[in-house]
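One chain, subunit A, links the two complexes that follow: it is found with subunit B in the first and with subunit C in the second.
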Partner chain A sequence: MNSTLAILAVLDGISYAALVFLVSVGLSLIFGVLRVVNVAHGSLYAFGAYLAATFSIKVAPLSPWLTYPALLAASVVIGVVCGGFIERFLLRPLYGRDDVLQLLITFAAFMIMDNLQRLIWGVQPIFAAEPLKLLPNVTVFGVNYTSYQVILLPGVALMTLFGLRYFLRHTLAGAVIMAVTEDREASTSIGIDARRVYFVTFIIGASLAALGGALASPTTSLVPGMGADMIVLSFAVAATAGLGQIEGTALTALMIGLTRAFVIYLQPEFEVLVPYLLMVLVLLVRPYGLFGATQVRKI
Partner chain B sequence: MTPMLSFENVNVAIADAPVLRNVTFALRPGASAALIGRNGAGKTTTVRTIMGFTKAIGAIRLGGEDLGSIPPHRRPSLGVGYAPEDRRLFSAFTVEENILLPGRVAKLSLQETRRRLERAYSVLPELQELARRPAGSVSGGQGKMVALGRALMLGTRLLILDEPFQGLAPVLAQRYAEALRRLRSQDKDITMLITESNPKLLETFADVTLTIERGEIEGDSSQSIG
Partner chain C sequence: MTRRIKPITTAAVIFFLVSAVAPLFVSSWATLFALILAKGIVVLGIVLLLQAGQVSFGHAMFFAIGAYTSAFWGKYIGGGDILLYLVLGGISSTVFGLIVGLFVVRYREIFFGMLNLAFSMVLWSLLEKMFPYTNGADGIRVARPGLLGFVFTPETFQYVILYVSLLIAAAAFYGVQRYLESPLGHMLRAIKSNETRLEYLGMSARRVLLIGYVISAFLGGIGGTLVAIIQQIATPEFGFWTKSGEFVFIAILGGGAHAFGAFAGAAMFEWVRFYAAAHLADSWQLILGVVLIVIILYAPNGLIGLRQRYRQSGKRGR
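The block that comes next holds the complex of A and B.
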């Protein structure tokens, strides 16, 4: 592998890791607080991408710069509407019941949303690359690359990481989420409305999945099935990091993103295999993930 | 006089098995009540029912107000402080953050939050030394103290302590009992309900003793006004 290809692989890896992080951290946050593995997370990613493309195509003739707020708006709409609906009407009736029910219901939601996506946007690929084309290319060690992918996407991912860290550790709302994450009943006994916390957290997690999709939309053609690919990969990242680990998710997304990018250049037939191979290896050695810890019960 | 806390024919079943049967008692404001019973008698279910963590049939009133229509997360803001049996501190926060969190959630003013923190420290002076320590790093006995301090943040009318002496070394149990006596001397109006399996530990402190056995209060509990 020559140096140009190596730099390309690094840039591809960073760009891809940023998107994977956004989706995975939403999944991880939802699991950390609600203890729900949200299979419909991939659909929220796909819906975010499709709605962002729809909004971008509508607003681009007015001003191409409006496509950026359109990406954000699509994320919020999908997070609030779809995420809010799933938590309120599909998950809330199941809290306290068998975990398998939650898995089944989110799987059903995923299948329903996959069909809805085909009904609404059809099966033909959709392109909406305006936000990507607006920003100039940059040269990194002699390699030309889009600044959208190499600066904007990692920038948004880093802002999300540090924003989430600040929110959880330095605000009352964050402290309340941390408390519910640790002990729902103890939280309720000091006056915290755990149901509201679940609702808000699910919307945040869903919005992050949709944001990942919205930001990915200018970089790829949107096709049916994109949600399924992303949920499996983001689950691999979240599980490898340790479910509920925000910083760990960022590092694992980077590790898997870079590894995947190098594999594409070196042995492309192993592209799909590598993230899951890493996940299996890590989970065999550390069942709680790279950054997860076993729950210690103090006596 | 309106009782601070009353149970009228309260029944609770868990997984269809009756755990509380026709529990009836009343506590006057300012009472120090001991709820005594063996393991599995229904002590913890009784206090969890006050907090709204079980589905109960019957009437539970706080200062005459029916708690049945009040969701569990609103009950602490009525002046109810609860220290569960197994402490259940938030390990991600420091000791002081644990004590302050109920006040922050209830949106108490800064001045009132500070006043209540001082109250907790005056009852439990040893907590000041632990204030900056992560709650996950304190010992089991210290954790019981922190749980009491946290309960005091909102517990201005009714303080519920579930088996506070269980697992405490004798010296810590002594200190915990001293803290309760300090609280009682500082605040004559607060009602305390303390569960315990060993009746001797509370015999000098409690002015009313309720005995629970197989989910039933023994004796004529309707007169247990304290």
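The block that comes next holds the complex of A and C.
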């Protein structure tokens, strides 16, 4: 492997990690606060991608620069409408009930959304590369790469990382979310509306998944099944990091992104295997994840 | 207790009789019922683990192992017999169940589910990407096997496999029933209700769960072998996480409290899929999703819980 290929692999890895991070951190946030594994998370990612593509194909003739706000708008719409619906009407009646049921109802949401996606957008691949083509290419150590992938995507991911950190640790709304996560009963007793906290958190997490999808849409063709692939991948990242760990998720996403990129150049057939193998190895040794501190119930 | 279970056992007997007789009148039902029974066997394994309060979101791995055992035998050794396939599928899934089980029974709840998922995804990516051996996403065709040296035409074969599935399903149902009523089965339930107390009684919760896990892996492998023979193909999708989700779905749909829930759920699931796919080609998944939501929100004990709830509604509400 020569140095050009190595740099190419690093750049691939970083841009991939940025997308995976956005989706995984949403999943992790939802689990951290609501204690629910959102199986429909991958579908929110796919819906975000499809809606973003639809929007940007619509606005591109007016001005190609409008595609950027279109991507953002798509992710907010999906996050608020789909995410809000799932939390309000599916999860809310189940709080305090069996965990299996909460998991399974998001699985039902996944099935429905997967089907709707086929009905709405069909099964033919959709391309909407406008935002990717708009930005110039950059040269990194002699390797030519799109600035969308090496600057914009990691930039958004870093902004999300620091934004979330700031929001959760330095704002009142964040403090309220942390309080409910820490002790729901105590926080309810001092007048915090835990339901609203759950609702808002779920929408934030869902929007992050949709944002990941929206930002991914210019770089890849949209096909049925992308949601099902993304949910296990993001779950692998979130679980390897330790569910609920925000910074850990970023590091793990980077680690998995880079490993995967190198494996693609060296041994392409093992590409899909990498994240899951890492997940098995890490979970066997540290079931609470690399960065998780929660004690596992082990008797 | 016995008074509550008896009507369900009657329902189970009626169900098995119907699946034996009904396909004689409508030949397209032979494959449908064979699939229901085969899937019911897999879900029986999920129900078993639900007794211990554990949900495996990776059980499709044993399903795929069973299916691929027959596929590999057909591809590399050739010739084959239903009985041989079942024995091999049973052995390979039991061995894998034991190996994976040794790791996963150390954990509970979300960690148990997560590790299962991780293992199953490793298997899935191997099946998908080891193209030279597994044909990748296309899967491996499983040629129609004979039974004890007899060779069948496709028309007779669908009945042969139906009755083989029926026999195994009935045996598995009876076996699981007996197991759950045995001291070992009660210990399995105790993991859900109070694991600490189980340990204080001097039992090893891990070993109890491991036994349950291996049995459930075995059932998954047998079900997978049957489905591979019925559909005459094994694809990586058999081991994908959505398949695992489907099995848990069927278990909850039928009702995780009783072994018959597995078959009640499988019957409902495959019926909806069979008819929805025929009439509304593109939206069977949508319909099943809505059915699942309705069941979870309004009948969390599943189909078999409906009757119980109806009877108890006078006594206490919930």
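Details
What we mean here is this: the second predicted complex is superposed on the first by the 294 of 299 C-alpha atoms of A that agree within 3 Å, B and C clash if a C-alpha of one lies under 4 Å from a C-alpha of the other, contacts with A are read in each partner's own complex, and residues count from 1 in each chain.
As a working rule, contacts are C-beta pairs under 8 Å (C-beta built on N, C-alpha and C of every residue); 3 or more make two chains touch, one makes a residue touch a chain.
None of these values were measured; they are calculated from a predicted model.
In the superposed pair of complexes, A:A210 makes contact with neither subunit B nor subunit C.
In the superposition on chain A, contact is made by A:S189 with subunit B only, not with subunit C.
Of the two partner chains placed by superposition, only subunit C is touched by A:V100; subunit B is not.
In the superposition on chain A, contact is made by A:I112 with subunit C only, not with subunit B. Once the two complexes are laid over each other on the shared chain, residue contacts for A:I30 go to neither subunit B nor subunit C. Using the contact criterion defined above for the overlaid structures, shared-chain residue A:I86 touches neither subunit B nor subunit C, since it reaches no partner. Touched residues of subunit A were counted for both subunit B and subunit C, and C has more of them. Of the two partner chains, subunit C is the only one that A:A228 touches; subunit B does not reach it.
Once the two complexes are overlaid on chain A, the subunit A residues touched by subunit B in the first and by subunit C in the second are 298-299.
On subunit C, the positions that touch subunit A within their shared complex are 50, 55, 57, 103, 106-111, 113-115, 117-119, 121-122, 124-126, 128-131, 195-196, 199, 205, 240-242, 245, 248-249, 252, 256, 282-286, 288-290, 292-293, 296-297, 300.
Per the touch definition, subunit A reaches subunit C in the complex via residues 37, 39, 90, 93-94, 97-101, 103-105, 107-112, 114-116, 118-119, 228, 231-232, 235-236, 239, 243, 269-273, 276-277, 279-280, 283-284, 287-288, 296-299. Residues 51-53, 71-74, 76-77, 82, 84, 87-93, 97, 101-102, 104-106, 136, 140, 143, 150, 153-154, 167 of subunit B are the ones that touch subunit A when the two sit in their complex. Remark: subunit A residues 172, 175-176, 178-179, 182-183, 185-186, 188-194, 298-299 touch subunit B in the complex.
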